[in-house]
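Paired with chain B in one complex and with chain C in the other, chain A is shared by the two complexes that follow.
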Partner chain A sequence: MEETLAIFIASTLRLAMPLMLAASGELVSERAGVLNLSLEGMMLTAAFFGALGSWATGNPFLGVGCAVLAAVALSAVQAWLSVNLRANQLVVGIGFNILALGATTLLYRIIFGGLSREEIPGLPKLSVPGLSDLPFAGTAFFQQSVIVYFGFGLILLIWWMLNQTSFGLAVRAVGDEPRSADKAGIPVARTRWLAVLITGAMAGMAGAFISIADIHTFTENMTNGAGYLALAAVIFGGWNVGRTIAACLLFGAATALQFQLPAMGIHVPTAFLLMLPYLLALLAVAGVVGRLDPPTALTLPFQRGK
Partner chain B sequence: MTVLALKMPDRRRLMALSIPFAAVVGSMAIGLLLIAISGKSVPDAIEAFIDGAFGTAFAVGASINRAVALALIGLGFILAARANLTNVGGEGQIAVGGIAATAFALWQPVADLPLGLAVIVPLLAGTLAGAVWGGIAGVMKVRFGTNEVISTLLLGFVALLMVYWCVQSTALLRQPQTSSSTLPESLPIPDATKLPGLTGDPESPLHIGLVLCLLLALATAVVLQRSTFGLRLRAIGLNELAARRAGMPGSLLLVVALGIAGGFGGLTGAIMLQGEQFYLKAGFSSGYGFDGLVVGLLSRGSTLGVLAGALFFGFLRSGGISMEIMAGVPAALTLVIQGLIVIAVAGSVILVEKLEAEQR
Partner chain C sequence: MQFGGKTWLPPSPAEALEQGIAMVHQHFSLVPRMTVVENLMLGQARGVLNRAAFAARISDIADRFGFVLDPNAVVGELSVGERQRAEIVKCLMRDPQLLVLDEPTAVLPPSEIGALLDICRRVADSGRAVILVTHKLAEIAKVADKVAVLRTGRLVAQADMATADMGALVQAMVGREVKPLDVALDDSEDSAVAPPNQPGFALVCDGLTVLDRHGATRLDNFTLEVRPGEIVGLAGVEGNGQSELGMVLAGLLAPTEGRYFIGDVELTHAGAAAVTAAGGGIVPEDRHAVACVTAMSVAENMYLNKLDRFTRFGLLQRRALNEAALVQMKEFDVRAAGPDVAFSGLSGGNQQKAVLGRELTLDPLVALVAAQPTRGLDVSAVEAVYRQIRAAARRGVGVLLISSELDELIAVADRIAVLYRGRLVGERPAEMNERGAIGALMSGQGAI
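Moving on to the complex of A and B:
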């Protein structure tokens, strides 16, 4: 029983990791007033280019670099469209998601073709010396892919940046009161740009985690809605880092049940277990845990003097 | 822009309208370029495309049926969009519509109904199921302030998994399992519940869904432009608070608008099932919801625009599938083209606004 629980915790962490990375990144940009519905597309693009980079160079760490670069490039276009061209952020996001699904599928067929589902060099799992042998906690926490430990570091960094630095203050200011922020001399456009790029970098890590650290290959549409779950987690989390991470862990746990319950001999229809994270997300965005207000200027482009 | 500075308001209006057109042409050019880069023969690909889209009576019928589905989703989209609502849940609404239509069509008393009711009842059941699915997002919006983009998307995932569930379980809609190779699909629906063909040509899959779609397009245009309901949707969309102050039932309107959009989606699912597919299987709605959404987005609220866009994407999809089979070009290329079109059109909004402002 204890062993099962430890494995359950470990797989929850593994499944929640891409959500946590993507959601904490998205949080920065939403606090700055830009919604990236394209999160799903960024993750899928990153998963593809990560796999490609890792396969081409034989080095999974270079693969992670490719993934982050690809997602940041995509987020730069998103930022240009959302901030400079004042395009409808929802529509642009939908466009990017369609484009990313089409482009990664197309490139995958062109490049890998017959070699489909070929294993790529993946990131090693890191058994933390001393800790991984601990009963229970060792299995649960300390036999994860290196990205998991690194990811928690990144998430802490984002929390610190948002809440403890002047850049974080600027981000929140342009997301809540862009007009006042502008008058106070905060560069609204530049701050939003940076925030979206940070989202891109984190979505890149999330995508890399899925293809390079977890599955060790690329498959078509492999993110399969994880980006949307991450978006729901931000809403569930009330635009607060800690609560958003908790929401991601909840979705991760719901997903982990798919593997855990059958292993324990409990038979629940697979379809219901697959549905569970989305149902929880629906309850979450319906405000079952109490309503929280989004940043005032979320999705509203800023134009001086208007 | 100097050319535009000429005092020719009509010409500017034309320019503003030509942006989606330019986006389409540009994106298709990029598509051809991608085919060339991938080392496939461009003429072969084009030939396969034309063959698959227009080549035979079957191809034309299949393309038009596809366009009917996209147009219905697009019509629902622009109705809700008039109230400033973005319905992204077409895919899921098609799915629940398909489930309901299958369930009713497979229920023997329905198949025995006279006077065409055997066809109509499943269609209505599908429509109603879709309307409920859309309405849930509406209720979430007015009760909890949930953005409909997120809720319709999440409801979409749930609906797709519901189809999967229905065809996995014999207690639901899966056909009786006679051997281990029984596919996870429903039984085929009885002939009495299938949509009648339109041409009499057994080669052509074209069915009366086309007539239904054109009637609904006309109805949508009239409702949007000539009815109080259309005006109210617009008022709510422009300024919800002002509309409420003016005594309009704001919450109800929002729920109804999303319910209608969902109803169009549910009807689409029923038509796809009763018109062409005839049995339910997982992923039967694949991509139609998003294609229809793109059609709605590009039409800029015009009913004629929806019909034109639906025809274009209907033929594009059919041609794309044929390109994959005959010329080895992945059909995902059509997704790339669609994505580029949506992004280009969304990004050119400032340009359009500028053009239209100059005109005044």
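Moving on to the complex of A and C:
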């Protein structure tokens, strides 16, 4: 029983990790007033280019670099469209997701074609010396892919940046009252640009985690809605870092149940378990968890004097 | 402009601040979700935030000028007065030589005004100059050293407060120019209409009170009766509760207390459709956002409240609608290329005439509430609007005319009630020799 629980915790962490990375990145840009519905597309693109980079170079760390670069490039286009051109952020995001799905599927078939099912060089697991042998916590927490530990570091960094630095202050100000921020001398467009690029980098890490660290291959549409779940987690978490991470863990746990319940001999229809994280997300977005209080200027482009 | 001994004109607000001129605007530029100290650090602090050091500076300034401000309070949870103090601290942190406050008391509840004036006094005593822009003479009398009166962009009076004659200042404030409006309306044959004596009331406001979401009183026990055929002007400086009253009477805002009738029908919580059904014609203050749908055609806008007349089996009879609109456009002199052009293409005057036409053709029409109906209109359109309103009154409609243009009210209304800080502070006949007295009521003289 204890062993099962430890495995359940470990797989919850593993399944929640891409959500946590993507959601904490998305949180930065939403706090700055830009909604990246394209999160799913960024993650999928990153997963593909991560796998490609890792396969081509034989080095999974270079693969992660490729993934981050690809997602940041995509987020730069998103930032240019939504900040400079003031395009409708919802439409841009949906467009990106469709484009990413089509493009990665096409490239995958062209490049990998016959090689499908072949495993790519993945990131190593890191057993933390001295801790991984602990009876319960060892299995639960300390036998994860290196990217998990690194990811937690990044999330802490984002929390610290938002709350303890002048850049974080500027991000929060341009997302709530861009006019006031502008008057206080904050460069609104530049702040939003940087925030969107941070989202891109984090989505890149999330995509790389899925293809390089977790599955060790690329498959068509392999993110399978994880980007949307991350978006839902931001809403569920009330645009607060700690609560967003908690929401990701909840979604991760719901997904992990799919594998755990049958193993424990409890029979629940698989379809229901597959649906569970999305159902939770739907309830969250519908406001069941409480009144939603998004950043005031979320999705609203800023133009001085208008 | 002469500033600090040299001739200089600030090219931008940032430059002015750099040179020591700080301004507290009527609309605050604070982020409600952040704390006071975070707001003040915005754009000032670099790198890692040191909240404690900044908070100490805030407390220091607050102490020096004799007020209290919690640096760690979230701005969105503060009262308007506290937010204003945060704005003032933001200015004082830059150590300005000149502090300009634009209508600082307009947003404050009476209890906080005294404290604000004390702060102004202390800032002045610390060797800085303070300019206080306000409509309210009583406040100036309390705190200022010098007073200057601006009217329509010109300096019309200047005095030392110690020796100033209040009566002369009031006269200077409300001024008197002959407007073409009076001539035009006086020339018309209907100028001397006595209010017909009809029984009952067209419009009754009984103790209407509106508290805003911060709990501040916007409309305070407002009681007014308008008889059929009477035009009652409601004078007052803008921002003294007119908008809230207009929204309540239009059925767009539920009053916190009080009741409201058109004819014999109570409409307090009934909503806009019921107001229309009861014969309440509403010309809203905000023409673009509330009165019309600018993307729709002229005809659709003119019959927006009567579209069911032109609907058969759920389908709009567009030809009949356009024909009817054409007739109404002639009647109300709405000049447009045709009934099916977009409303947004019309001039402000023609838009307003169309809205007025729509409301005046309600059947039955018992009362008309027109809020700032002539704002932004040229003289001929102003004249046309008032001719229509007076014609309606002659037909027995009770009219409540809300306007900040005192001269227009005097020319059009039968009697004038004055709104100040959400309260009805007095009522005078609409006569030329009353304008000094009305002006004094508008500026809060004898009202506080």
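Simple rule for what comes next: the second predicted complex is superposed on the first by the 305 of 306 C-alpha atoms of A that agree within 3 Å, B and C clash if a C-alpha of one lies under 4 Å from a C-alpha of the other, contacts with A are read in each partner's own complex, and residues count from 1 in each chain.
One rule holds for everything that comes next: a residue touches a chain if its C-beta (ideal position, glycine included) is under 8 Å from a C-beta of that chain, and two chains touch if they have at least 3 such contacts.
Small disclaimer: the values here were computed from a predicted structure and weren't measured.
More residues of chain A are in touch with B than with the other of chain B and chain C. When both complexes are overlaid on chain A, the residue A:N59 reaches neither chain B nor chain C. Shared-chain residue A:A286: touches chain B; no touch with chain C. Looking at the shared chain after the overlay, A:S180 reaches chain C, while chain B stays out of its contact range. By the document's definition of touching, neither partner reaches A:T4: not chain B, not chain C.
Of the two partner chains, chain B is the only one that A:T270 touches; chain C does not reach it.
Within the complex, the chain B residues that touch chain A are 34, 38, 86, 88, 140, 143-147, 149-151, 153-155, 157-158, 161-162, 164-165, 168-169, 290, 293-294, 297, 330, 332-343, 345-350. Here chain A touches chain B in the complex through residues 37, 81, 85-88, 90-92, 94-103, 105-106, 109-110, 225, 228, 231-232, 235, 269-272, 274-275, 278-279, 281-282, 285-287, 291, going by the rule given at the top. Taken together, the chain C residues at the contact with chain A in this complex read 13-14, 28-34, 38, 41-49.
Contacts from chain A toward chain C in the complex involve residues 164-166, 168-170, 172-173, 176-177, 179-181, 183-186, 295-296.
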